[in-house]
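Lettered A, B, C and D in written order, each chain numbered from 1.
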């Protein structure tokens, strides 16, 4: 069992195909698998359905794959920061399935946990409910939402060990644990590879069973969308 | 004279009780954090997986791994914990958050909220707003009383697509405050901005409410 | 906001009533809230429906509440280690709702996360499916299971801080995080109370929002059911 | 001569592939851990929240906070991680575990499994068995070929309440091994214990199988 790969290209080798569904971790540009996105660009894989909370910006994050027209559909909660996305969407070159953020997180978790459907109050009586089954529990109406399983999941973690155990840092955790779990095949890029036993077993966020391949991240730009500071006087 | 954005935020902050867990939406609601009374202990949640939001960082504290749901850089506190997005929305959907303060395009007299899309314009997506209004125990809306064309935003019915139905408990506009004791009751006019009067408010409001 | 209580009695004060539903963490006798169970015995609360994976043993764990006949119904996956349980059950003095272990864990998680129902393959075609709705996803049949919300949850953690943030230790974690989340009111007993900021934010298992009161555990017997050792020669 | 419990465990261990994640049931299946080939890296899971089970502890290593699903004290390894029970069963239900090896009271010729209750006897509950058979990719059963009364346990149909329907891929008894390539196919007799023959196996087996 050897999970660590020498490069992102090697980590994706044999695991990409046209028309595939790819789940990606990250919220905005925080905790996104920058290195693996670039490798996916290089792979030339086409017609991707991407499950990701956001769509990156024009030249960064999933925006990189939109620019190359490798994505044909997004399942996302919010895509506001990307002009190229807007252009393709308005030109009907790109399909979008909007999903409320909590519903998206839960659909990914459900897919990873073998739950094909669950009920939620989120979106009842809105456009999101169109075409979806509803059911009443205790006099209240709920929507049926389905679990999501991706052909490939790409995630970014802070530290990883040779068994694929992952630890995330602060709010860069976000969608990464669910992405890792909902992939039929999951590749993680990490800022640091540590030795066996170096991660405290009680602190591991994603157990190695969810990670098939691991690679040291070579891109850790971590671009900030809204740099907001206070003055020292406070 | 209409209330300023800061005054609206300050008015919203008066509803914060000791021990509350609160989610503040993007925009004016973010300002509420500046007006939390000193003797009230409030924990702010951000739906991207942070319980216990700190203030914006000093320039040398900025950390790209630490942002709020508005993608702004923030800091942590001695109470902070991080979770996955699924667990974060578990808090929201499960009714563990006491109050969410959100912006709105329109609110109907029955508490319907519209704040996520305008047909014909580019749709950016609901983000976490639908989850918040469906799950959080109490929803306060902060919005201008009328839009740029002078049209009332507190209406008989929403003209824009819903974020949630019958989900709003309190509305604070730049002109007035409306509130209802429960979601079966009509809204009541509770407070009027200085220099405005009840008659003026009524003229600028399409919704039915009690006084 | 003051969550720390001086005693377990104080921690439960005003929060118990006859006929209530109580969720308890623990697996077997591992990670059970020993101190709070004793306080619940002392409270004299009757007719309790207990959500707990197991029922303790005759004189320990939830067995203490069975002995005093304070429990009228259990929702559990396995109750094999308790003779008094067996006696009451065969005498029809006690009701039991058997729930597969993974379904029980998920029902508690769902209750805490505002999900009133979810579908699972577990139990399809068995006695567990009796009276439950089924639904087909991708040609396979699944059972509808419901979320569980308890009036009170009692949990045991290793460390807790004044904000109610909890950290568990090793396999004593088990059902405790879900119990904490599914309680309308949750009381935690901890082996150690630490100061604000002493728990690393990335390591917290149960965020303080799920814990309304906290007490230092005075009972940490941690009885072992199957002490199994190997010889040093290995 | 029938296989011993250890020989059955050893035979089951031959199916372990490098990199497998495996859940071993209580009883004979636990013995499989002793026969994992040295060149094969296997990670054992215990459904109470442990991925990466270590051996039983030395006397001075016993830790009450560290038990397996059989409530036995165990140890951790350099790969170990702990999770909640919900996340642990997420691994199981989600199909992330490659193989589970379980005991059984009865198996039917269509792969139904009964191993959790006997009507009229005190019912202890299904524990995690129903979750394991529903979620794990491949299920191997270890059981005696006949019960104490000499009645075949590999049967046309189960007489006891099901743990799962059409869930068993391989059966290792003390007399023989049966296996099927997929869950639409019948079981095939693959191996016979030394000193037994195919005719003898057929006489002691109620189930239909191919040879």
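Rule of thumb we're sticking to: contacts are C-beta pairs under 8 Å (C-beta built on N, C-alpha and C of every residue); 3 or more make two chains touch, one makes a residue touch a chain.
Model, not experiment: these values are computed from the prediction.
In this structure, the chain pairs A-D and A-B differ in their number of contacting C-beta pairs, and the larger number is found at A-B. Centroids of chain B and chain D (each the mean of its C-alpha atoms) stand 54 Å apart. Our note on geometry: chain B versus chain C, Cα centroid distance of 35 Å, whole angstroms.
Centroids built from CA atoms put chain B at 28 Å from chain A.
In chain A, the residues that touch at least two other chains are 106, 109, 113-115, 120-121, 168-170, 173, 201-202, 205.
Counting partners per residue, chain B has 76, 82-83, 89, 92-93, 135 as the residues that reach two or more other chains. Contact topology of the protein chains: irregular, matching none of line, ring, star or complete. Chains that are in contact with each other form these pairs: A-B, A-C, A-D, B-C, C-D. Touching chain A in their complex are the following residues of chain D: 18-19, 21, 41, 43, 45, 51-52, 76-83, 89-97, 135. Listing the residues of chain C that touch chain D in their complex gives 27-31, 53, 76-80, 86, 89-90, 96, 98, 100-103, 105-106, 108-109, 120-128, 158, 168-178, 205, 222-232, 234.
Residue ranges on chain D touching chain C, taken from their complex, read 46-50, 55-59, 61-74, 76, 82-86, 88-89, 92-93, 117, 122-131, 134-135, 161-165. Interface residues of chain C facing chain A in the complex, by the touch rule stated above, are 106, 110, 113-121, 135, 137-138, 140, 142, 146, 167-170, 173, 201-203, 205.
Note for the complex: chain A touches chain D at residues 1, 109, 111-115, 161, 163, 165, 181, 196-197, 199, 201-202, 204, 207-210.
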